[in-house]
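Below are structures written as structure tokens.
Same chain, two partners: chain A is paired with chain B first, then with chain C.
And then the complex of A and B:
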């Protein structure tokens, strides 16, 4: 059963007057994050970790949300599919949003199951009209049940999705332009896809509605595969590489709206100071992009 | 929307090694037997084989390491 309207009022888009920089909440990072909230503007929490969590863990999340801006990030809805997203999964998200009152929530444009098989990962769907229509229908249901449309994230893929009849930028743009969802642009996913499938990420940025970007993800990855057929895996286990900061600067130069930038790290955790230093690099990249845009405005 | 046969087919060859080996040995035959449309069969016959192997391997690694979330 859908949770419905009671969730509507509690998920509110935060007022964003300045660019913000934050970290993905992980238990191993908790102490470091809590000790440095003066340098962290927002934390992103994996929603799925709390759908079946004990009451005390939910209370801890509510306490965190009372201390600092929180956004919830889903990983298992499978919104980008020709198959309707399961109502019980949307109900889980609605209940969590009602309990935590995050400033926003997000999910991936991926399919994660088919025919009863759980893929266990975010798979890029065939980029077709059918999956665009499926994603739009799923996003409408997500808004109806949760109360607020999710921000939606581009995914990294190691395989060129079979059955596609258009490129990623065209597919993604069609969904963003025809839905109420804002874009959570993962720049390491973009970087990895651009390398693996040989396209220019700046051309990608020129094709998508950058004015609809609300949030940016940054992460790192590693090379996998044999010589001659290597691909870049987005594993969230490594530091943010230089080209991703360069893409962040590029986005900041193109997108005038305020941005929320989140670094995701899922393992091989460095000292918190290292992650904070990477946040500082992100701040500098955005500042450079903003300065470039201002200079271009003045010159025009 | 009906269950997408292509998504089901992809999920199977991504996750199930036996299904993947059968598909790689006879792509057109397996896709036909799965009931895919003609254009979908053509697409999967020309599948990105390197990408398929790498993605499948990364899934196996993730399962073996119980590596948290299905995030990229």
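And then the complex of A and C:
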């Protein structure tokens, strides 16, 4: 049964007056995050961890949401697929949104299962008209059931999706322009794809509707493969590298709207001070980008 | 059926049932009345959380351990003394300043619990928590009294009417009913005034849930004031939760807190705890991180 009606009013797109900078909520980081809420504007919670969670864990999430703005991030819907997203999964998201009242919710433009088999990975789908239509249909259903359209995230991939007839920027733009969803732009995914498939990320930015970017993900990764055939893996286990901050500055210069920037870290956790320092670097990058845009405006 | 016409033993059973009903009603109405959405708290202050969990004694224990961890207090056996480098001006919280003043000369650690000046430094925490609805304010205490008086009025009224009827009918064996009434009223009074409101109880449980990952790493927490983690652990779960070797002195200074923690952990393990897969392994935005890490996150 769809529970959209209950959820419609509770996911409130925040009135974002200033750029905000936050961290992905991980139990390992809890003490550091809660002790530094004066330096963390928002936390992003993995929604799937709470779909089947007992009542007391959901209530704890509500308590967290009372302390700081929360956004929910899904990882298992598989929106970018010709197969409709299961209603059960959207109902789970709708119930969680109703309980937590997050500022927004997001999901990946990936496929995660096929023929009933979970592939255990956020895989890039073939970039075709069929997957665009599938994603648009899934986004419409998601909005109908949850009440608010999700922000959708670009994914990293180590292989160029076979069967594709267009590049990632064109595919992503078609989905964003034809849906109500805003873009969650993962800059490390963009950086990794740009390196692995040898394209210029700034050209990518020029092709996509940057005015629809609402959220930015920053993360780190590592090099894999042997010399000569090295590829960059987005693993969320390393610090945000310099080129990603440069991309953030570029986005801030191109996108005048307010942005929410989230650093994702899933393991090999450093001290919270290190993550806060990375958040500060992100703030500085956005400031530089904003200043650059202002300068260009004045010059024009 | 008029219950007042019931013979003695049957009426006593009726009265026991009425008492249980009144007590359950007291508990339920209190829980409903004192339940509210979680308030926003300053979660960077371990002393505020410690006060919520265990009032002055817990706050003072956590503050003392915090100063010990930072090297501002030194423990010798069961005694504490301010270290040579300790200066009242070097700390910012009144509770810490007062602790350093108190232990200018060596004294038993347990002396903190009887020091009125130290206890007074905890008052602001009490006030903050009352304002947040986590500790009973005067209004909440007033409402608790009202509910208790109504319950006592019902129980006492029924008992008095029955006693009068019995006396009128020439029966004087009313002592069981008198004792039962007193017991019921005492129990009602005892359950009517818990230290925390329902919201306060919930907040502690939620904080313990949010900090569960910290408890799992208790053995490996850094000492020396490098991070706030040990103090948050002590604040949320009690000083006894500091199980790392660096904090061995806590069991000598505050043996009761250690015993309480040991009792809690025994219960915790036997009752089962949250699975590790709900934490970082599946908490990752990698989504399928549990099964396919080699493919990277992609998300």
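Note that in this section the second predicted complex is superposed on the first by the 300 of 300 C-alpha atoms of A that agree within 3 Å, B and C clash if a C-alpha of one lies under 4 Å from a C-alpha of the other, contacts with A are read in each partner's own complex, and residues count from 1 in each chain.
Note that a residue touches a chain if its C-beta (ideal position, glycine included) is under 8 Å from a C-beta of that chain, and two chains touch if they have at least 3 such contacts.
Just so it is clear, the model here is predicted, and its values are computed rather than measured.
Looking at the shared chain after the overlay, A:117 reaches chain B, while chain C stays out of its contact range.
Of the two partner chains, neither chain B nor chain C is touched by A:203.
In the superposed model, A:294 makes contact with neither chain B nor chain C. Of the two partner chains placed by the overlay, only chain C lies in contact with A:36; chain B stays clear of it. In the superposition on chain A, A:271 makes contact with chain C only, not with chain B. When the two complexes are overlaid on their common chain A, residue A:189 makes contact with chain B and with chain C alike. Of the two partner chains, chain B and chain C are each touched by A:75.
Comparing the two complexes, residues 46, 48-49, 75-76, 108, 112, 118-123, 155-158, 186, 189, 233-234, 236, 264, 266-267 of chain A contact chain B in one case and chain C in the other.
Every residue of chain B that touches chain A in the complex is listed here, in rising order: 1-4, 6-12, 14-16, 39-40, 43-44, 46-48, 50-52, 54-55, 57-59, 62-63, 67-72.
Taken together, the chain A residues at the contact with chain B in this complex read 46, 48-49, 75-76, 81-84, 108, 111-115, 117-123, 125-126, 130, 133-134, 137, 155-160, 162-164, 186, 189, 196, 224-225, 229, 231, 233-234, 236, 264, 266-267. By the touch criterion stated above, chain C contacts chain A in their complex at residues 37-41, 43-44, 202-203, 205-207, 209-214, 217, 226-229, 232-233, 274, 278-280, 282-293, 295-299.
Interface of chain A with chain C (complex): residues 24-28, 30-32, 34-38, 46, 48-49, 53, 56-57, 59-60, 62-64, 66-67, 73, 75-76, 108, 110, 112, 118-124, 153, 155-158, 186, 189, 219, 221, 233-236, 264, 266-267, 271-272.
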